[in-house]
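Okay, structure first, notes after.
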Amino acid sequence: ARDQVQVAGSSTVLPYASIVAEAFGENFGFPTPVVESGGSSAGLRRFCEGVGENTLDIANASRAIRAGEIEECAANGVDDIIEVRIGYDGIVFASQQTGPAFTAFEPSDLFNALGARVLVDGELVENPHTQWSDFNGDLPAVDIAAFIPGTNHGTREVFEEQVIAAGCEATGAFQAMIDSGMSEDEAEDACLAVRSDGVAVDITGDYTETLARIDSNPNGVGVFGLSFYENNTDVLKVATMSGVAPSTETIASGEYPVSRPLFFYIKGAHIGVIPGLKEYASFFVSDDIAGPNGPLADYGLVSDPELASVQETVENEVDMTE
Amino acid sequence: MNDMRLSERDVDMTDVKIAARGVQVFYGDNHAIKDVDVNIVDKTVTAFIGPSGCGKSTFLRCINRMNDTIPIARVEGEILIDAEDIYDRRVDPVQLRAKVGMVFQKPNPFPKSIYDNVAYGPKIHGLAKDKADLDAIVEDSLRKAALWDEVKDRLDAAGTGLSGGQQQRLCIARAVATSPEILLMDEPCSALDPIATDQVENLIHDLRRNFSVVIVTHSMSQASRVSQKTAYFHLGELVEYDDTAEIFTNPKDERTENYITGRIG
Amino acid sequence: MPLIWLLAAIAVLAAAGMVLGRRRALASAGGDHRVLHSLPSYYGTNVALFAAAPALLVMAAWIVVQPLYVESRVATLIPQAEYSDEGELSLIMSDVRRVADGLNQAIRSGAISAEEVRDMRADVTDVRDRLAQIGIAVGSEVEQTTLTAAQQYRTLDGRGNVAMAVFVLLLAVGGFVWTLMKTDKDYRARNSVENAILTILVAASTVAILTTFGIIMSMLFETVNFFRQYPASEFFFSTTWDPSFSGRGGSSELGIIPLLWGTLYISLIALLVAVPIGLFSAIYLSEYAGKKFRSIAKPLLEVLAGIPTIVYGLFALITVGPLLRDAIASPLGLGTSASSVMTAGLVMGVMLIPFVSSLSDDIINAVPQAMRDGSLGLGATQSETIKQVVVPAALPGIVGAILLAASRAIGETMIVVLGAGAAARLDLNPFEAMTTVTVKIVSQLTGDTDFSSPETLVAFALGLTLFVITLGLNVLALYIVRKYREQYE
Amino acid sequence: MTDATAPAPGARSRVGQGSLLRQDTRTIKRNAAENRFRIYGLTAICIGILMLVFLLTSILSNGLSSFRQTTIQVPVTLVADRLDPEGNRDPAEMARVTTFGYAPLLRDALVGTIADAGIETELDAGDIADIVSDESVAQLRNFVLANPDLLGQTMPVEVLASGRIDGFFKGRVTYATAELDQNISPEQLRLAEALKAEGLLATGFNFDFFTAPDASVTRPEAAGLGVAILGSLYMMLVVLALALPIGVAASIYLEEFAPQNRFTDLVEVNISNLAAVPSIVFGILGLAVFINFAGLPQSAPIVGGLVLTLMTLPTIIIATRAALKAVPPSIRDAALGVGASKMQTVFHHVLPLAMPGILTGTIIGLAQALGETAPLLLIGMVAFVREYPDAPWEGGLFDPATALPVQIYNFTQRSDPAFVERASGAIIVLLLFLFLMNLAAILLRRRFERRW
Amino acid sequence: MNDMRLSERDVDMTDVKIAARGVQVFYGDNHAIKDVDVNIVDKTVTAFIGPSGCGKSTFLRCINRMNDTIPIARVEGEILIDAEDIYDRRVDPVQLRAKVGMVFQKPNPFPKSIYDNVAYGPKIHGLAKDKADLDAIVEDSLRKAALWDEVKDRLDAAGTGLSGGQQQRLCIARAVATSPEILLMDEPCSALDPIATDQVENLIHDLRRNFSVVIVTHSMSQASRVSQKTAYFHLGELVEYDDTAEIFTNPKDERTENYITGRIG
């Protein structure tokens, strides 16, 4: 019989989960939980495969579970799911420490640099920009090269919604699209299209890949998680967004605009069956761990301002599907 | 499993040991043996003669079913050994080949030591009681094949490092070591000097006392020296089969006569 | 450990069979093993085989079936009211098993006596606590139903184990005696043993078929799901691959063509590197190099196949990519991308060298020396001999090695991701970033997208399509090899 | 060419007339081609070996430092009433004090030590505590729980220095980078240097790297390969025990026994096709068949081993079949001719001659299996696992474990730069592992090699 | 390049073509050829005779340096062809072997078609102007080797699918196709029937008009029929070397006499 908690899912949540699992194993009588990576999608897929010993107890996810997935879960008998939001992941733009100074971005800059169709002199055109200074004189006159999360990454969604879409609106491109006769939905989609001429490079791997690519390209700007940046401040130079520097505080307060919530999902049916499951979940969201002064925050997780209600959810095993 | 073993019987010279009935062999489309009927007598040396490429080796390989290993070869008709069809489904070719030994035309020693080459057969057939027995068999076989003196000091050397004639004798020794009832020899003396040839011929003579020997040879003189019966093949057909003396002195078929009288070997 | 004892008993029986079978055969032959049909050891092996093999097979089956049976019996003890579906029942059952295992372990360690366990009642004893004391963690409080079920589980399981032991032993003894009785000098022991071995060989070769079947089955369902959500014509014929994360407005475009193109292009370049280098290395090793050099160089080259692909990937990303860009692509105006088909192809080619070199070297080495002598004797140079006689004779093996290398190239991920990028593109320029089917299978499967959306399910369709395409290529390869095959001797 | 003699029958433009000491034009040309060919061969090998040297150098230069580790000696006073509030020395009670409770002890001990050594520093207690690893409190707690009677005494404890301090002594971290680094300050580096001068800080062989389990992202200095090595070992045992015999058996059947027909062709094509299946697909298969269908546990080396077995099989089969095919038929004839059965022929003669090829296939197959991550992803072995699996005979094959390539993959994904060194170190260990595993095969292959 | 070609001279029978001086051959520790001195005359057929394993093939292989391919073989002494030491560092064995053709004891056709087997030599030496020329060479060579009639309809069939004697003739055709100045033939007729043997002997006779031929044979009659000079080897030593007629009628050495008179072949 299995006697350790089995966790899988998002590789963004993995570092936090491993910190917790390690501390949990050190301090409790239960074996250290096994935390797998492999992506939110694969994690949830296996989570929803059914109940039983050789299925997951917890799925980590860097996005909320989707309705379709809940249905699929239910179809397989997983109908008691507890959703736990553990905090927020800040998303930052950074470049080589010794490279050109990209120290202040507005969403509109990024849209102008990376959008497929942008507004130039009031006209919607295929993105003609080759250098940052083409559209913003404050930015350095170097070739645009951006390493953005691939379309399989949860971060991509945030990047699209909170940076590109915001930029689209800010530059007036959105309005221009509506004016050109597009429906709102079409315009939104058009806004989110990223240019495909090799200027914006999708990264399907992890942040270390982005870092390596920036290393070999002095003009590159990359998208990172806050915690990743905080561990590499000696080589990375971070950019402010709308004048706000990213930090756990500015993100928690909502000043820094680009962040996303992180979750894990507990299989209710396994509570009381898998030893240590409930304890692990409670330990995870306890103030000692997930609080603003806990090790997770130290590592770069933006602590959830509503941590107390999350703790309650876990304590009462609140089924999200009901 | 039906145990249809070939039983041993006491037979005299006129006993038919191997009987071929309407044997045909095809290599793909090439019709290599055409409708051969022959009765090979026990305790006799039978010589197969005929021009190169006429199907002697092919027919010889039929007798112990070595043709099974050539994917494109197809055998029709029946071959009876001790009145039992060797192409019968119940016959185990392995058992057949243990009984019908073969020396191939091209010497093909195993890439092993000389000793192991000879000892292999006795080992797998369990012919030796112990190591000393095996040693005795090996020595005896090598002596019979007239190779012992040349290799007795280097039994551990590789069999493939021998000279052409030595390899051929090694293969004879290997075949003799398993004491087969029938020994098929495909030009066993082709690479041998007169003295070694003489010794091998003596061996054949000795073997004949208990076993049947079928030998392919290109040397008319050898055929007449060692064999009691001779079969002449021509272009896949068995043209003539008779007592050796008869064939050489009084061939019935013109083709045989032409071949014999053109004798040079 | 009754299982260990059972296995030991079977082993002993087999060993005895080894000896007795041999002895009996010899006895029937009056001690002269020359009149035996087969070698004495075959008689022994035969008895051992018939004593052990059926018993072990039955045992394996029993071990699989018994828990299923016991659980279905025990499950009837759980009131219907306690669970609503199979999944929950299975969870309750796993709790039962955990408790039963815990109790067993407790008895074994001497913490609780067997009687105590039999009479244990949940309302009297805090089972969870008792078990916790000896270091066995149980998820929740143990209720009476669970405890009863666990006790029943233990009883049935115990009985099952005894029954298995008895039955298996009987079978072993039966097989032993039966074959031993049959053993006499005319018994065809070798054929019997060889048939058993042949069965094993056949069984081994069905593994490959089963694997294929398994692969198809495990992907078919989700592939069908995918095609329900996404038009097949788009998938097969669209020339754009552009999934969107959220799939908003159905804006994902999932055409396989650019991925296939990337796969072919990168594999081709990789093979263009690996095949000449590998083949020349193999030729040099087997035909020219001294024994010493060869015995060192060959394993060294094989290390290339053992270096984790991530190292190659980083090599491509950090060293080769920028080098190619600065030295070739930029000056020629072929693009400024550091990741390119060329980069990934070159680096992957290096990884594939040993696949070609080592296997081909063995095959070339196996060509008989007489072939070389024949050619050299005609006044051919060594290289002419190699090119015209040795390599053609070794061709089937070499083609096998190349196919293996090609297969690896098609299946590689890390080098492509880091070397060629992740952007799907349909382009002839080898200095452009492209990507392969495999990369997309991995990235779509391990991403954060909705697992029931076409963006994730496409991975299965990609996998199955790739499977079919490589099957076609392999048929072609087989056909070509058949045509040009040269068999020596 | 002087054509003095009358053209004899069949005497065409003959080759090689004239002195042997002088090469004629054609021979010179052909010899040039010969030399070129030879040089191609040598170049090919050199390219391969050069690449290898390059890759190995970069791995070694990055990774060798992970075999050394910086530690700090601190005498810690085990304050009894903090660690055992109840005062009854009951380990169960004492376990209630979590690692968080131990942190102040260690911090105080460090500050005390520094003061005792007479080192001046402007750092506050928190920053001082940051120079040791987070792992040390867990070390301390385990130590206390194991020896409750030592409570109240002052024990010299050797704790790990934090990753940045460790990196400083390996040259990865400098004062310049520390300036920019949020996680370390130059002042802390100065303190570390002072400690070193006092002999309290030392860098020694990192034995734990080979035995310790993985550690979380915040403790690169504590991360080890113990679980991964065990997991890889278990999986390789499974692969070796299954893939080699099954692969060789299947090849023997297909090459020597199977009738030549459509069905065998199908199997043959099928096997080469399996070789082209991306490894992650084997993961999908493993998840579906071994975990969901057969009910085997997740993250278990047995499942990993089975999946890798299926993945390696085609390689071994293709290599073995090619090697079997290369054995000349005359050898088979010779054995069959003395009355050996087909089975005996194969096992006594053909197989030994095919051995080099089989061993090569095995070497390459195992190398592939040992280095794979993707198929393990879906069966749960790409994971953070800290508990060692049991011994194989105690069911350890069914316990969760990771594998070396997984550990490398995980290390490379982590944000702390100290993991780069660990990843390279793990690669070195992987290569050593591979070499040891293949040593027998390489030696055997040399013995079996022969020409005929 | 200094064109210091030896111009062709009209040579009479006494011209020395191959001269061996103190040739020793070792296979590892096995001393296979002991201090052999011999002058082989141009435009002559020289027969090597001697018991099996005495070193005939070994010595033959020395003459075109085929022993280079056996790792354990070591050759000492010098062999001069046209007064040039073939073991000289400047001599290219490839050029040497083009000049000195060889037919091996064991037929070793390439695993190629019959046509390709014969065309191989002319192709690599560039002897044919075009395809038609090549066809002519192939046909001519096969005719000389007395194989043409048997294989003319299946030139595309594999050379390895021929009968033993056919393979041997194929190897002769292959060697003849490159028109070497010296032809070394190791038991070229061992697997041939009398008629084919006759044809090959005629071939040797024809070749002799322009070239030197060295032939190893076990058949005394063949030696006396085809050769003008005969060398008798015994246990690695060259015991006697003289005109064939002399050797067979009036051997000087006792060993030679014993061997000759024990004649059986």
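We just call them A, B, C, D and E in the order they show up, numbering each chain from 1.
By our rule, a residue touches a chain if its C-beta (ideal position, glycine included) is under 8 Å from a C-beta of that chain, and two chains touch if they have at least 3 such contacts.
It should be emphasised that the depicted structure is a prediction, and the values quoted were computed from it without experimental measurement.
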Shortest walk length in steps over touching chains, subunit A through to subunit E: 2
Centroid spacing, where centroids are CA-atom means, of subunit C and subunit E in whole angstrom: 56
Subunit A and subunit D: spacing of chain centres that average the CA atoms, whole Å: 31
Inter-chain centre distance, subunit B versus subunit C - centres from mean C-alpha coordinates, in Å: 48
Subunit D and subunit E, separation of their C-alpha mean positions in angstrom: 58
Per-residue overlap in subunit C, given as positions that touch at least 2 other chains: 190, 368-369, 379, 381, 384, 445-446, 487-489
Sequence positions of subunit D contacting 2 or more other chains: 15-16, 30-31, 34, 287, 329-330, 341, 353, 377-378, 412, 452
Numbers and ranges of subunit A residues touching at least 2 other chains: 2, 29, 38, 42, 53
Each pair of chains that touches, named by its two labels: A-C, A-D, B-C, B-D, B-E, C-D, C-E, D-E
Residues of subunit C touching subunit E in the complex: 368-381, 384, 388-389, 392-393, 486-489
Complex contacts: residues of subunit D adjacent to subunit C: 15-16, 30-31, 33-34, 37-38, 40-45, 47-49, 51-52, 54-56, 58-59, 245-247, 249-250, 252-254, 257-258, 265, 267-282, 284-285, 287-289, 310, 313-315, 317-319, 321-323, 325-330, 341, 343, 353-354, 356-357, 360-361, 363-364, 367-368, 370-371, 374, 377-378, 405, 408-409, 412, 423, 427, 430-431, 434-435, 438, 442, 446, 449, 451-452
Subunit B-facing residues of subunit D, complex: 260, 329-342, 344, 348-349, 353, 450, 452
In the complex with subunit E, residue positions of subunit D that touch it: 1-2, 4-5, 8-28, 30-31, 34
Partner subunit B, residues of subunit C touching it in the complex: 33-34, 36-40, 186, 188, 190-191
